[in-house]
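Look at the two complexes coming up: chain A is in both, with chain B in one and chain C in the other.
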Partner chain A sequence: MSLKFDLDLPRWTTPAAMESPRDLGFDLQPDLPVPISQVGGRYLLFDIKIATYLRREHRICGTQTGTLPLAPSQNLFLGVPIEIMPEEAQLLVEKGVGFIFDEARAHDEAMLQSSDKARRADYLASIHKQSKQVEQVRIEEKEQSRKRALRKRAAKLSAAGTSTPSRQDKPVADLLDFDDDGAPSTVVPTESSSTLDETASLQSESTTKGRVSNPTSSNYHVTPATSQSLLPPSPPQTPKSVIRDVPASYPMYKHLHENGFFMTPGLRFGCQYTVYPGDPLRFHSHFLAVGVEWDEPIELMDVVGGGRLGTGVKKGFLLGGASPAGDVRTFSIEWAAM
Partner chain B sequence: MGAPSIAPSALQSFLGSTGSDSSQETQLLQLALQIAHNLRYQHNWDDIRIHYDSTTRIKSQPPIRPLISGFPPQRLYVHPDEQIEVLQKQKDEGKAGMPDLPREREWVLPSHLREKWSLRRFGEVFNAISTVPPQEDGEALFDDSKRAAHTKEGGDDSMEGAPTNKWRISQPKRLLLATLDDDSTVVYYIVHDGIVKPRQN
Partner chain C sequence: MPVATNRQPENVSVPTPSPSTKRPPRPKRKGKNFAQTHSKPLPLETHPLPAFHPSNPISLLRLAYTYLSHLLLAPSSHPIRPYSGYFSTETRSVHVTDPEHARALWEMGFFGKGTLSRSEPSWVERERARLMKDRGGGRKAAEDATKVRREERRMFKLERARVEAERIGRQRLVEEGKLDANDVLDDDEKDSSIEAAETVIEPTQSDALATDHRSPNEALNGIFVDEKTIVNDRTLDESLLQNHDSRTQLLEPKTDATPNTATETAPPSQDDTDLCIQDQEHLQLTLEEAFFLSYGLGVLNIYPSSPPETYFPWSIPEPYTNIELFEFFSQYSHFPPSPTPAVDPDDPFLLNYVAYHHFRSLGWVVRPGVKFGIDYLLYNRGPVFSHAEFAVLILPAYTERYWNTPGGRSRRRVWEQKDWWWLHCVNRVQSQVKKTLVVCYVDVPSPFDVDFDEPFDVGSILRRYKVREFVVRRWLANRMRD
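Moving on, here comes the complex of A and B:
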């Protein structure tokens, strides 16, 4: 089902709608740099095509963090947004592939800009149009329920034979006045939640024969669910921003990435990264990597622990970091069964 | 009534030749000797030598930490790709399983479990060693002349001269990190200077 909107939605904040089932974006070459949303201190990718592009071309896998609409009460299978590590975001920014934009701040700044009056007028007009559509739908609904009640009454009368029609009229009329109080309220369609797409789909399916009593004002005031149409079509670019919370193991990460490895967070193995020789969907990881600083004292017990853990799961323990000369030195440790 | 005199343990008598001061140099020497003792008597290593000379001196961290080298009784480390190659060759010849591979001389770095290392120190140790421990260098620790006569099978090309195995010389440097614990157990870890994928035993 394709969602038909009346609004002209900019693309950079909506997840990319699939134009057709076949258009999966396998060959997508997006305009660089691609936007990486920073929300609540986390780096998220909302567009699935961009996420697959980064995985395919730049070996950035990320972790899915969004629940699936079809199966919300489980967390085995997750979807967009894809969360990437600060190291991955830093790497993409350094390579010029991505740029960070602070969603909250960009949104506030866009809202405060009053330069684009035409856009604001469009926005207000579209909101107004929506409220009109809703009112139309309500009128039709009322009309239909009135007809149903009259039909029922007529059936009862013909079955009963005798009655006083005048006395029955009033209660019926009272029944039908239940929501005609005229007070402005948030729109609530009959059985479903108030979302824009619901009202829009109602509008697309219903007939256009509604009787609109007042063409200029409406008793229904729509509370918009998003402010997308107020935002400019392309996100603002911050020049080569540096991520603030990059950990000290970043040189090690970069070194491994340049050597063609894929990396995912290694929390489940007690290390910093699990290092794969290829896509994680195709290979088991080869190493558990920990990045340290050049002169940081390393407890031998930690080395022993890492080596034992790695050998137990058929992985090597990789210890590494950047030397003052700039190059990264790594040591692979495994238990020698003697 | 005097208390019965307890004979010193083999390790104690072996270490008795070193000084009885507690300087760091002596401690490191004793550590190395204890590891060597373990290699010789628990793991049956041959031709164990201790190296002090200037090529293994780690200049920035006096005193010298002596290094050990020796021959394990059988091949200690087979790179996974080498293993694939050997198995393929076996299969081509119609045999099954791994053959006996010639053993290779290994470096051993003695350490105590409570020591604190750093990337710099590991880097310095690797910078100071050669890929293959030299055959005649250093000081032999045990009199192995009788043992050498028995252990001649399959080891000829590695016992004499430089090894010709391409895997030995083209792989990144490796050493055995020996960790001594206070209960006198020694556990060994293979450390490579680089990114080397793990073995899949």
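Moving on, here comes the complex of A and C:
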């Protein structure tokens, strides 16, 4: 059974979406520039497919900051949204891969202040359609399980030798009706005989028309996980200077990124970035990078401490900065005799 | 009649030691008695009153006699002749060249550092040991333990790299399909056991090779060596034996000091009299240590390294006064040295000295901590007794209202904030070496309204500072549950 959804609607609300890896977005090539949300001064990615794409193609790893719905009471494993550093956001904007949008303002503009009633109506209708689709899938599931139970029961009866006809009627349906839904479940048995052997394609309105008695009586309310559908179709051009809190180590970050390194925030190690030669899941970091300005006086104690720290964890302590000419020089320090 | 004998009662059997079961006598520990050598915590002499025992009336007389004699003729707590040192402007430190003074300053309070040594001035002993290594039983200083450890570590790293390269080669062959995967697993297990052992390396051979290449005839820094002390024929077995002996005497080397290293005092043999090694190293005191000894304790005289221009050949050189030292040291704590003798309240020397004086007066042994990227290390009793417990980081705190005025803000020497990740870096380094990080805030007073051309009271300036300490520890809620 294949379900077709719009591209921006979340598919993972339905179990059927786990069928093929294509649905998880492993080979996704989204339309550039991809949206990067700015919430409370942080740059977040709410769409896991976009986060995967950035990690795969652009070496932007980010850190998970969201609670996993399947495992809420722990913070070892976290999920979306993925937070990216201001340097990473700046780099994506410069390359034209991403654009920044203020989440709160986007919501306001789309819902409250927008005078484009048609767009609002479209948005609400799409949400509603999503709910309906979820409901359809649920109904299909129940159908399938009911069919299976009936088949089993028929097999049992025939094996026992009795010839009582299997009654496809309400008692069976009521037994299998685990939900608290009122109207939809009673609708099912009347249509069950006609849809038992059919593959229900949800794009065909004939099956849905008969069921939808009341458009607002759906018991499934889907909250969209991303704000992509709220955004106007043509994203505005983000000026380069919109990201305010980019640190002074940005030239070194960009230089290392262009040379193929992956970088993650290095607070755990006492540095600005931990530099990996490949994906962090496959390698240990090679360097602990700290960005300094060209003419900034560096305390010798900091150099000694950083060198000792790096050597203690088998990494190099890297100092880097951009010269006035524009090229970036990096130096790594190691404790000589440890 | 009863006879007082040591005969045991018959029903109790006590094993009597027979000559065959006698335990061999424990070998006498040849190490230095550090408690005896470093019995005085500071280079001062204390004269406590004798104890009074109520049961012994003579003790009262003794006590009274001592008390009266102290009243009439108080014994001096200071040495008869103060120690002397030279202020070297090139190295911005005070040099103590007299070996007796250097030894006294090191033994009583752990002041200073030998220029050619790790901490304790031990160059002469190491040179003698190096030259006498073939004779066996040389004295081992801390630097030799370090050398052995570093060599071992280097060999271990080479071995590990070789094993790793082999493993990668095998894996590559497996991936190409040329090697069976089962064979690879066995080899990997063997490799991991080798790595876990970590003591496969034999440094004795490398040590022997190293000393073979060094010619004993070279004149090292003007060292005078007699011809008969040079030994040219030496078998490899003998050298291995010597090194093995040396290794059994050394305990597990530690990070900053080897407190239990047996710095042996070998009995003076005939060879010692043949060797005449001129001591090439001196004791180097930091500016804070020197000022503490001079101003705080009054046991050190600091002379200028180059005589002043009005120096007549028959006049005795004058040591610097405390005020001069105060000004010079504050000037030289900047680089390049500040041109005027006027002292800013947030000069690095002043901040460091205030913290140094504070911790010394509380009884800690304070040593410089550049090795760990922090300012001071605090020892309970000294580096030879235990490792440092605390690592002190000194930060100026501009809490007085003057420093928040526009004029004050421009006069601050330290005006940039330290980064959040920098604190994590320092903390992580200290956790690696099992020390506690202590952040020491020195409250800086407003600039001094003192005329630096006239004599002033150093104590009144120092009294205006305040020191606050905070212990910093990293705590993770989901990992530290106890």
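Note that in this section the second predicted complex is superposed on the first by the 186 of 338 C-alpha atoms of A that agree within 3 Å, B and C clash if a C-alpha of one lies under 4 Å from a C-alpha of the other, contacts with A are read in each partner's own complex, and residues count from 1 in each chain.
The rule is short, and it goes like this: contacts are C-beta pairs under 8 Å (C-beta built on N, C-alpha and C of every residue); 3 or more make two chains touch, one makes a residue touch a chain.
Computed from a prediction, not measured in an experiment: that's the story for all the values here.
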item: First, second, both or neither for A:M301, with chain B first and chain C second; value: both
item: Touched partner set for A:L68, first chain B, second chain C, both or neither; value: neither
item: Partner chain in contact with A:I333 - chain B first, chain C second, else both or neither; value: first
item: Contacts of A:C271 with chain B and chain C, given as first, second, both or neither; value: second
item: Chain B versus chain C as contact partner of A:V246, first or second or both or neither; value: neither
item: Chain B versus chain C as contact partner of A:L76, first or second or both or neither; value: second
item: Residue contacts on chain A - larger count, chain B or chain C; value: B
item: Touched partner set for A:L309, first chain B, second chain C, both or neither; value: second
item: Chain B versus chain C as contact partner of A:V292, first or second or both or neither; value: first
item: Touching both chain C and chain B, counted on chain A across the two superposed complexes; value: 300-301, 304, 337-338
item: Residue numbers on chain C that touch chain A, as the complex places them; value: 150, 153, 370-375, 420-429, 432, 478
item: In the complex with chain B, residue positions of chain A that touch it; value: 256, 259, 277, 286-287, 292-301, 303-304, 307, 310-311, 314-316, 318-321, 323, 329-338
item: Of chain B, residues touching chain A in the complex; value: 43, 72, 76-77, 111-120, 122-123, 176-177, 179, 187-201
item: Residues on chain A engaged by chain C in the complex (per definition of touch); value: 74-76, 266-272, 290, 300-302, 304-306, 308-309, 312, 337-338
